[in-house]
Every structure is written in C-alpha cells, then in structure tokens.
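There are two complexes below, and they share chain A, which is joined by chain B in the first and by chain C in the second.
Moving on, here comes the complex of A and B:
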C-alpha cells in the first residue's frame, strides 16, 4: 500500500512526454515515411509500398555502404577493445606512471570527435605529419585518405586512437574487481601469466567486456562525424556508410523517403547487433559466474 | 605483485613509448597552431619562431566566442532537464511492480536501440513547422528527450539496488511524495547523478550531427558546427584551422584535467548498471 504512495506514477510523465515527442513519435513517423515518396517538404505524398527498400537493394552504392558500416563496426570493436585491454593490463600494474598514463590515454575520449577527425585529416594528408614521420625512416608516404583501399582503415585508426582509452578505463574498472589473493595464490602454485589471465581475470572481466563490446559495436554502426570530416564518404563512395548516405540523400538530394528507408535499415542492424550480443554475452556471463 | 622488478621497468618503458605514440597528434596540433603560415618547414620539426597570431585571428573570424556561449547554454540547460526528469521518472519505474510501470520502462528502453538518424528527419520537419530551425532551443528540446532513455536506465539500475526503508519511513512521517523524493531519494542518488552528469555533458557538448541539421544556415552555432564551418571556410590554411581546433579543445581539456577523477570514474561507472 505504501509502495504506490511513495512513488506516484505521474513522476514519469515529464520524461515520458519529452521522450515521446523527440524519439518515439518521430521514429514511428519515420518508419511510416519509409514506405512513402515523401520529399521532406510537400505535405502531399503517397504510399509506395516497398519501393524505397527495393531501391536500396538495387543501389550498389547503398549496398556498399551497408558493407562499409558493418566492416567499420567490426574492425573498431576488435581493434579498439584489443588495444584497450592491453593498455588496461599495462596501467593496472606496479609501474610508477600508471595514474599519469591513465589520464593521458583517456583524454582523447572527451574531445569532440569532429575536432579530432579534422586534426587527423591533416596528419594523414599527402604533406602531413604521418608522411613526414615515415620519411624519417625512409618509408615512402602514401595518400592515406585519397586511396580507396586505405581510407576506410584510416577512419578505423582515428576512432581507435580516440576511444581505446575509453575501453581501457572500463577494463581497468573490471580488473580492479579481481581479488589479488587469488591471483597471487595461482602464481605461487605455478600458473603462468597467460593461464592466470585466462582462468582468473577473463571470467571476472565479463561485465566489462559486455559493456565495451556493446558501446563500440553500436557506436561503430552509427558512426557519422569521423567519416564526414575525414573523407566525406569518398574517394568516390569508398568510405560511405549508412549514416553518411542518410545525410546526403536527405539534405543534398532531397530524397527523404529513400533516406529514411536507409535509417530503418540502420535501425534493424542496430537491433540485430544488440539482441545478438545480449544473448551471447549474457550466456557467457552466466557461465562465468 | 607490488614490487618494482626489472619486468616492471620494462613494462614502464613500453607503456611510456606507447603514450608518446598516442600523444604525437597533439604535439603536431600545437606545433602547427603556433606556426606562422609563411613557415613551410616539415610539420614535425619544432616551430622555430612561435606566434599566437593564429589564435587571435581564428577567434575573431570564426565566431568561436558566440559558439562557445551557445554550447555552454545548450549543454547546461538540456543536461539539467534530463537529469531532473529522468531521476524523477526512475523513482516510480524502479519501485512500482505494476504492469504500467514495466511497460513504460521497456518503452523508454526501446530508445536505447533506436538510432537518432531514424527520428532526425521527421523531427526536422516538426522543428521547422514550429519555427525553431536555427534556434538553440531546438537543440535543448532535442537533447532533453534524446538522453532520457540512457539516463533513466542508469537511475533505475541504481535505485533498484537501494533499500526502500528511508523513503517509506519518510512517507509514514507524513512527507508528500515530492518532499520524500527531494530530501530522501535524491541525496542517495548522488553517485549515479555524477556519472549521468559526466556522460550526458560529454555527449551533448560533442554532438555534431544534430546542430548540423537544425542550425545550418543560421548565425547560431555550437562549437562543433563552428569548427566544421571554419574548416570549410579556410580550406587549406591549416595553421589557422589548428588554432581554431585547439581553442575548441582547451575548455574541454581544462575541465577534464580539473575533474579527472570524477570524469574517469563517471565513464567507468556505467559498468555497475
């Protein structure tokens, strides 16, 4: 009886209203518009069924963008978390510079992504600092962002540089839950560092791994700022992702219906990735505990 | 494990080398920002005669002062709204076991999956019809709603782990629900409020896509859009651009260095949810 009285339902109203107005209703309208020929301006539009979606499957640029989106998301997830974990193991040791390094390596994660992307656009340019550095070692420079085979990987590089410290911080928080006594007892019993990591540390890291994978894969799928600033989707369409196509189709081509159909595709991919990850990881977490 | 062995020294050296590689872009950023445009030596060579002229010019021509104030206003107001409405909503959502409560919670959690790209275009139309395009209030409204799911998720997770005893005692003592919330529940929510404050502030401050859509073509800008506009205007004048980038980064890094412990803990704090 007291329970309903302490927390009245109308406390949820302001949040629910804002959420409905900004997210829920526009998203629902978005799904509806995906089946129309809406141009963003004209209030008169007609339902055209699946035409926008078949247009996507018939559009090699769109299919390529879907592929780029998945490739970037997976590459970022694997590389960023791999490096983040190594950094976490490094700073979670007895080294004297550990606090300084933690603050330094995390710093890029709070900086505006569009700013770091513009910085790197210059660094990776033909006369940029990366090529100057390579020249010191007599390595021929490349046009990193102008080469269709390299540009996509440069986007991955910039994101990993910025957010490896973020993964690191979450892994460090996880590592601190590992009891020292057990770890040291195992060392005395003669298990090597790899064995200790796999059998003791890894299971206890499960929650940190879940959060990190979730953040990086969903962040990777939605990635927009870095692509916009580094390559604008180019050269040609070599680095276009679903997000950059949504922007271009709507705001430079005025094809709102098509653009929003792409947003629906993006939503479906995010939903599948989240659900898949949730299932696999919660099973692992249960197995580990 | 805590002894400083030869292995520890080797690790220390490796880690510092890694940090130097990570910091290299920042060195180039500063190095070029303090260099006169006439100096065409290698970008990695230390600048021989440093100047602050680029900063003065970038500040005057980029409209960065106005953008800074807009960014501060948008971030402060929208984060304050989000924290207020989300903590308030989390209270019944975490406490009540009724059907409507679970349903509402799941509905709000749906927002964690929906990418903002889906809502962005229909909302663009609404914002335009309301005559709010080009106004920073469109952004305040947008973030206030967009950040609700994640913030509510944090608060509900935290509240569920807290005992009900205090608030029930307060009710029995005759406190109304708002008084009980304000004086009993809210103080207990302080740790998660710090986390929510940090994460929301960083994501609102850094957002680029939304102001790109809703403010483009107007004289109102936030810092990320002003920087992008600056790059578009001064295409290859990189010394000037780097000065502008550095100006936009300095307030963020200053706050970060000042509050490093709370900020890092805030980012790691999502882990407990």
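Moving on, here comes the complex of A and C:
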C-alpha cells in the first residue's frame, strides 16, 4: 500500500521554482511585449492592446506563412513516419548486416540540421550534384530551390532525409517489444505478413507511433534552421514559415512586438496540435492495449 | 573515483566564476581596455593591431560577426546595457543597425566635436548624422558597378559595353559563347537589389538629383517614377540572357565562383567583390565599370555610398579610449589600412590610400560628383528595402510583377518610421 502512495506535492517545489524562474516568468514577461510596439531597442514604447494580433490577420505574408507551416508539418509527419516505419520493418527482419544498416540510416540524424541544409543547398544548386546526376540520364535538371513550386517540397525532402532514420530507431525499439511467440503463432495459424502487421504489430507499436507523430508534428511546426539555410524563406515569401517570419520581423525589421505576437500564435498552434494529437493517439493506445 | 570527478567539477565551476568576475572588473576599472564589436572581418584586425602598436599597454577585446548576426546581437546588447564601447554602425537609415535607428533612442555618443566630423563631404555628413549631430565615423566608400573578369573578357573576344544597346548585344553574344555576361546569385535576397541600384542610379537619380527629397515630400512615388524604367531594364537584361541560368537557385557564394573562374564574364556587385574574387582566383584581374543604363554615357551615375562606420556607445565604459580609437580610424593612417584591406575608397580626401587599379573608374565618378548614395540609406524604415528584396525574388519567379513590388514599396515608405 505504502509503495503506491503519491509523494507530497511540495517535493516538486524546488524543480517547479527553477522551472518558473527559467521558463515561466521569462516567457510571461516576453508575452507582455506582444501587446506593445517595442522595436527591440528603444526603452520608450507603448501598450497597443491587440493591434499586433489583428495586424497578423491582415498580413498576407503571415497568413501564407501559417499555411506553409501547417503544410510542412503535415507532410513531414506523414512522409517521415511512413518511411521510418518501412525502414524499421526492414532492419528488424532477419537480413544480414542489419546492425550496420541501422547505424547508416540513423547517421544523418546525428548531424546538425544547419550542416545538412547547407550540404543540400549545394547539392540542389543549378550546377549541383542532383542536376549533374540527372544530366547523366539525359534528364533536364530543375531549379530545385529557386522555383517557388518546388522549394517547399525540397525542404520537406531534406528534413525527411535527415530524420527518417530517427523515426526508424523509435519504431525499431517498439518492434522489439512485440513478443515473438504471438507473431509466430499467428504465422502458424496461417495469417499473412500484412495481416500480422495490422493485427499484432500495429497495436503493440501504438506508443512508438504516438511519440513519433508528436515529435515530428511539433518539430515540423517549429521548423526554422533548414528553411533558413536552404531558401531563407524565398524565393520571395514562397517558403516562409512562422518561425522564419518571427526571425525576420524581429531582427531584420525591428518589429519585436509584432514578432512576439507571431511567436504567441505559434505557441498556441503547437499547443493545440500536440494536445489534440495526444488525446486521439492515447485513446487509440488504450483501445489497442 | 566519483568523488574525484565531483571535486574536479566543483573546482572548475569555482574557477570559471572567479575568472568571470575578474575580467568584468578589469574591463570596467582600468582605462586600458577597450571593447569593440565589428562586422569588418579581415580588416578591423589590422587596424586594431596598428592601434595597439601605437598605444602600448592597451588591451582590446574585439569580436567580429556577420551583418545579420551582428544586427541582432548589438540591439540586444544595447537594450540590456551590455554593448561594447565601439561598434559598427551603418550610415543613414533603413536597417536595424543604422545611425538614425541607434542614435534616436540615445545609444550613441555625439561625435560632432571631433575634428574629422566637419571635414566629411556633404554626401557622407547626411548619413553620418542624426538631427544635425554626427554619430558615425564613416571611413570608407563603396560603389556598385559591373565588375569584369579581364581574362575571361579577353578570351571571349568581346569588349565591355559602353551603352545600354551595346550591353544587350554584349549579353546575347556572351550567352551565345556559353559564358553569360554576369553572374547573379539572388538566392541570397540582398543581392537582388545590387543590379537594380546600378540601373536606378542613372535612370532615376541621373535624371533627377532631388528624387529622394520629392519622394519624402510625397511629390513622387516609386510606382509613378523612373523606378519602373529601371525595373523594366532589369527584367530586359534577364530575358536578353545577361545572367547565367537559374539565378534564384544560385547563392552569392556560387556567383562569386562563376565570375572568378571565368564561367561568366563578370558580375554586377559592389567594389568589395574584387577582394572576394581575388580570394577565389588570386591571379585574376577584375575591373569595375559603370553599368550602362542608357545610350548616353555622359549621363551615367554610379551608386556610391559610405560603408558601415563606427559609433561610440553613449554609456561606454571607456569613452576616452573609444574616442582615441575612433580618431585613429579617421586618421590618414587608420583610414589607409582599413580601405586597402577592404578595397574601398577613403571618405576623407587626404587619406592617401592606394586605390585598387580596378576601381579607377569609380574614383573618377566620385571625384566628378557623379554618384548617388545607395537608395535605401535615406528610406524611413527597414521594411521598404525588405519588401523590395523579396519582391524582386518574386518578380524573377513570376509570382509578382514589377508594378506590384513598386506599389508595395510605396505603401511601406508611406508608413514612415
């Protein structure tokens, strides 16, 4: 009995105090500036109420950035986890050199995103490796990062290339918790690989799916480094996300109040997306177990 | 073992603390330490060395960074009272680190009583001052033009064009030979403005020296002026094949490689590009000429403006030494070191630095008063320029028309400061 008793709440006090001073209070103080016209420099600024927030709804660049952000987040979540799961199933089978493959596939995730982004910026350049490779097969190269219709998808491609292996590792861990006996029993009973995946592996993989989806959707919504290094939000505003806009509005234009208002909007989007997703997925998890 | 590690950790923490407080007190206490933040990587170091040699016993804490990062960092430091004594400040207005922007809330020391402040030519005074007081020690002058790779030009058998018509013919001939006329790396959006400035200098300011005053007074607009002509000419250059393929996918860095190695015959850029091109091709020779924007060479004007200079923190821990450093920067000796390392021209007539032979035409234009400051230096806010930069990328990728962009610039201009 005594073992399950919960610890007194004040045990958490030291950690909470630290959290409050390092995260909560600074954040709250930051949010205050979303209601001002502070330019990041001048100590004299005025409270302007909700003006920054109404300005966001009138700003075509901001609305476009919100759309890009959601598009990127959904695309990354679907494609990265789809590929990650396929890779995990592959390297979890009895093939040779699977340990080597796991390391190889995970390797890109270890590199700093900014480095991979610069690497790909060169590979995808007009005379870069990708176009040179296509030329070998007599295929006309494309202006991958300079074409507004392609650039956004190139960002998705680079992120997926880097982090599919990361999703894979989490899926592999989940797959290893699937008991061999159940799997073999089902095989003996005559169910095929698809059926076995759907009825046995998928439900047991639910926690791994929850974690992977959460991480990729939050990462996708907050995406900054790769966008900034690959396209800088361009051409024009064709690949601007909320994060790149926050950066530009604050540090290039000196509109700190407006940029903090955008950051507040971003925070709300992340909170809604992750809370919603968590509720749905944990319900599924409970249903599966 | 664990105890040993813990002890090591504690000791290192303690020493870290104590060294921190020491350095803080030394920079605050004695009069021999100066802190400088700069974007002049590669040239400020030489000036600092010379200053230290002339002032034995002086310690200088120098930090350098790229312009984007610097602008972000300096604003944070100024707002939180941790800014260095001497710092890079851009002339005029229109960017987050510009004189007007930083002087307005009172972060800069008034330098009006410095001897050089009165000697600055009027064109520079305008951008070094805010409300009639001088805040910015502008030491160098930069210009924009067509920079040719002499070797590639000779090899192509073509000669640098002297008129707008010749320019279009030149572009077609160069493209026909497989070496396009100019490298254009507008994946980095600031590069988009350079060729446009080279064209507006002649088409807008050549025809009307008072354009800026009229614009400020609301008597003219971007969309209703010769800016439309300049925009049209920029696009005409693009369709005539003046630039290599896919400029929007080409970075500033890649464009330098193209021009330095002769894959294009040249590049439209500022004079600072010559040093960078020589870095990629040490044996290369590069010559800057005015970019022809009309058929009458006599009316050509080149964009030329004060480059980033130095300001003194109004709350400098060591303003005496800071002023001494500024005086050195503006002395013939300091100015010579700076401008030779940057490949720029001195702002004061008596500095006597050796001008790169490739910049002879630019110096002639400066001497003949046939220059106009970079257009953005007198714009009321940073947004006009940013709208122009992303707008030009949109024009090049058919997401917007030139008229749209100029109209948006008018809207941002009218929003004021």
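Everything that follows uses one rule, which is that the second predicted complex is superposed on the first by the 267 of 289 C-alpha atoms of A that agree within 3 Å, B and C clash if a C-alpha of one lies under 4 Å from a C-alpha of the other, contacts with A are read in each partner's own complex, and residues count from 1 in each chain.
In the analysis below, a contact is a pair of C-beta atoms (placed from the backbone, for glycine too) under 8 Å apart; a residue touches a chain by one contact, two chains touch by 3 or more.
What you see is a predicted model, and the numbers here were worked out from it, not measured in a lab.
By the document's definition of touching, neither partner reaches A:203: not chain B, not chain C. In the superposition on chain A, A:146 makes contact with chain C only, while chain B stays out of contact range.
Once the two complexes are laid over each other on the shared chain, residue contacts for A:235 go to chain C alone; chain B is not touched. By the touch criterion defined above, A:115 lies against chain B but remains apart from chain C after alignment on the C-alpha atoms of chain A.
By the touch criterion stated above, A:270 is placed in contact with chain B alone, chain C being left untouched.
Of the two partner chains placed around the shared chain by superposition, neither chain B nor chain C is touched by A:219.
Of the two partners, chain B and chain C, it is B that touches more residues of chain A. Of the two partner chains placed by the overlay, chain B and chain C both lie in contact with A:40. Once both structures are placed on chain A, chain A residues 40, 127, 250-251 are touched by chain B and, in the other complex, by chain C. Across the complex, chain A is touched by residues 68, 71-72, 75-76, 78-79, 96, 101-102, 104-105, 107, 187-189, 244-251, 254, 381-383, 386, 390-391, 393-394, 396-397, 399-400 of chain C.
Chain A contributes residues 2-9, 11-16, 18-27, 29-31, 33, 40, 87, 90-91, 93-97, 101-116, 118-120, 122-123, 127-129, 132-133, 136, 161, 165-166, 169-170, 172-174, 180, 183-184, 187, 207-208, 211, 221-222, 224-225, 228-229, 242-243, 246-247, 250-251, 256, 259-260, 263-264, 266-267, 270-271, 274 to its touches with chain B in the complex. By the touch criterion stated above, chain A contacts chain C in their complex at residues 40-44, 121, 124-127, 143-148, 231-238, 248, 250-254. By the touch criterion stated above, chain B contacts chain A in their complex at residues 1-4, 8, 11-12, 14-16, 18-19, 22-25, 28-29, 32, 42-44, 81, 84-86, 88-89, 91-98, 100-101, 104, 107-108, 110-126, 141-142, 144-146, 148-149, 152, 164, 167-168, 170-172, 177, 180-181, 202, 205-206, 208-209, 213, 223-224, 227-228, 231, 238, 241-242, 245, 248-249, 252-253, 256-257, 260, 263-264, 267-268, 270-271.
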